[in-house]
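What follows is chain A paired twice: with chain B in the first complex and chain C in the second.
Right after this comes the complex of A and B.
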């Protein structure tokens, strides 16, 4: 009897897609993986909304209103939600703006930067509103597991996912555990 | 006759005046710590070395070993408490390891690996403590301070310069430089001081060597801290 395939959704919030690149670094394990899972919403499928899933992988922290909506959609649909990488876990690089006042930060980039004269802070209504602080995802929704690293290596992601898919408690051995 | 106590169910011999930490280490047992240092008297502030003796929590770095004690250290309960202490240290500072020059050589990070701390769990405080780059050879990144006072003690007791001290209390506690300007460049601090080389985390950093050893090839990338720390015992 073949086991029904697990459904996995992935997204990048305030991240650089480095964790997704690292996910692709599991190389030939991708062949094993597609035997066991199918992808729902993900940059890999271009499906725009997340349906009911077994596993959700979130890269990146929460820096704007859209990130909050996407993160909640994932939490509502995924049985197991996993924070992948430094930004999802502690805000990471985007959160290094947290000690600056947001307005000043935007004006510095769009108005005062060298070579920018007459520039304005973009305010198109299509653009999601920025939050005043960047948050790790566990400050917004309940998170079941965390895979640290910037990014976590391919072998780290594979160890974690293969444990989880096989029904074992995922565990990272010393060489797979990195915050950098 | 040698006197012994039980450490995680195994007999450990000790001599008069030895603390639980010293006796356990001499017998090859690692106990996590951040503020303890073999060359200094116990400080007892980080509480990472807590163990349970007769149902009570004690600092193993400070408590003298006694005949017949039953000490619990490497247990799920105590390790969960240690993990919570680490998590509080992580959210109190700004520990963005990927951009930290100490990453891979840092004892806070290495203990987080050792105790399988995958997230900081609490809400991050994101403090804003300005960096001091006024000294020609050294840099101070106050956002990573864990208040172990190793630099304070080394500068005062060994270097005889008293360059550093802690000020304020509770969440407002922070490290300060003893100069009228408050800047390191206005002290007689030298990169050869013990205090310049004792920080277990990425606060007191030497300039111009940052990533000379690449990330991935550093002390705790190669081996867990429980192993590295015990090699010093041999």
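Right after this comes the complex of A and C.
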């Protein structure tokens, strides 16, 4: 009897796609993976909205209103939601702006930068507004698991996913969480 | 800076350029200069031939050492729950606004800085503060006004009214120890009479257990030290008394110092140690002069020094070392590190201090009260001592009673006294809970007031904080969580991160963003702290939360905003700055707070 395939969705919020690249680093395990799962919304499929899924992988923290919407969409659709990598877990590099005042930060970029004259902070309604601080995703929705690393290595991601798919509580061994 | 150079070189020389004196040197240099500027640290490192990083590491560890200028008047409000209950936060706010300074910042003219500090051990006469290191008790609005005026007029603290600095003993009930009429040297005479071996036998018979928290049998510790390899044994008196709500050691040091030093000397008689240290918490520095005088008097009387009481080969003397505002330094191995002039990072045990303690030498570390109690064993004999108390907890215990009661202060009872009885004696008619043993102790609810103070039932290092029915158990736990997050030494991740996480959850609940799953997360973090921390600070840090969740759970549940998930902050408010800068107010420029996931 073949088991129905699990559905996985992935996205990058305020991240650099490094975690996704690392995901691709599972190399030949990708062949195993596509036997076990099918992809919903993901940069790999270019599906724009997430439908009901078993697993959601989130890279990056929450820096603007759109991130909040996407994250909520994932949480509403994914039975298991996973924060992947330092930015999703702690805010990471983008959160370095947290000790600056947002207004000063925007004006510095759009008004005062060398070679810019007469610039202004963009106010097009198409553009998502920035939150005053970058937040880890667990401060905005409930998160079930966390995969640490910047980025987590391919083998780490594979170990975690293969545990999850097999129904085992994921366990990362020391070597997979040892960074220095 | 020739001035600084001279000051550093003088102080370093006074300490024999001994690197193990680093903390004491830093404290004294700061006394002169006001803070510890970077080049001053370099000078000290050079003079002691230590790496600069080591000196900076020590200077950065202790909260009473400053690498930046602090006010000429440095005012620290004691932030224990008992101080808060007596109105300390409002008083601090009032003083800040009178002196035009923000809490935690230095005033622009460099005149004053005002902030909070962990419990200063004045809970029976709070709200209290330390002003340039000196305790000021019984603060009220009138006193705050007077202080503001004195600061504005720049009157030196030494010229302030003496009444401000009045610290009372508030001894409310005396038993064997506090009623002792022994003269200095009496206990020593008795112990010398039975010989070193006989004295240890008396200690064994007394079954005296440590009063500092862990309750280890004192004679076993002494014997292990005596039998350890190495002739250069050390006796350390732990006078760090950092546990919030505890102040009985303060009273012993202030009014019964002879008993404490005599206890140390008795420990030396048993173990053969020749060197003693008292580690005195920085908050009790005002007692230093008095303690030094007592030591001097004892030396003159032949109770310290070479050939004590005419006994050839019984040589012992005591130095006092100051702490500098770090609760973890009460933990015995952190204390030893600190005595050696290092950061107060707890050591890995084993080896235990009795074999490898101060500078690797066999060392006994005992609490102030434990040591004082040994004088009773010497005078009465071990069996008589063991006749009071309970089967597993012999003798009496000093309780530091504070909080919602008519007569806060020191109460000495035989072990086995019921909580009820103490509450009755201290005039606490409306108690709903008692925190026994301080922040790291146990929260006793009304239905348990029949329980007894003893190692086999309610163990306590001495704190006994009473909370009446008007108090909110959640706020009590939150105060203690703040304390642990502040005092975590940061050495191990479970405690460094765990105490901050716990604080984050408590703040989330307090600010009205609590959600049911937070309670499960809190319980998970408490387990992690308990099981994975390196020292007793981390493993007892979750106690107040665990107890409150079991015994006063509704005070948590009442704060839940949602049964599902609730973000830790207001999402829509987080867009306000961007809305203002872009001038937008369209639908996409808002986030609906309630539109949360249901999972």
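Details
In this section, the second predicted complex is superposed on the first by the 177 of 180 C-alpha atoms of A that agree within 3 Å, B and C clash if a C-alpha of one lies under 4 Å from a C-alpha of the other, contacts with A are read in each partner's own complex, and residues count from 1 in each chain.
As a working rule, a residue touches a chain if its C-beta (ideal position, glycine included) is under 8 Å from a C-beta of that chain, and two chains touch if they have at least 3 such contacts.
All of these numbers come straight from a predicted model, not from anything done at the bench.
After alignment on the shared chain A, the placement of chain B and chain C results in a clash.
In the superposed model, A:57 lies in contact with neither chain B nor chain C. When the shared chain is aligned, chain B comes close enough to touch A:174, but chain C does not.
Of the two partner chains, chain C is the only one touched by A:75; chain B is not. In the superposition on chain A, contact of A:161 is made with neither chain B nor chain C. Shared-chain residue A:33: touches no atom of chain B or chain C. Contacts of A:139 after superposition: both chain B and chain C are touched. In the superposed model, A:93 makes contact with chain B only, not with chain C. Contact with neither chain B nor chain C is seen for A:8 once the two complexes are overlaid on the shared chain. Once chain A of one complex is fitted onto chain A of the other, the partner contacts of A:102 are limited to chain C, with no touch recorded for chain B. Of the residues of chain A, those at positions 133, 135, 139 touch chain B in one of the two structures and chain C in the other. On the chain A side of its complex with chain B, the touching residues are 83, 86, 89-93, 95-96, 98-99, 133, 135-136, 138-139, 143, 145-148, 150, 171-172, 174, 177-180. Within the complex, the chain B residues that touch chain A are 90, 94-100, 103-104, 109, 112-114, 116, 118-121, 123-124, 126-128, 215, 221, 223-224. Within the complex formed with chain C, the residues of chain A that make contact are 65, 68, 72, 75-76, 79, 101-103, 106-107, 121-123, 125, 128-133, 135, 139-142. By the touch criterion given at the top, residues 517, 564-565, 567-569, 571, 574-584, 586, 588-589, 591, 595-599 of chain C touch chain A in their complex.
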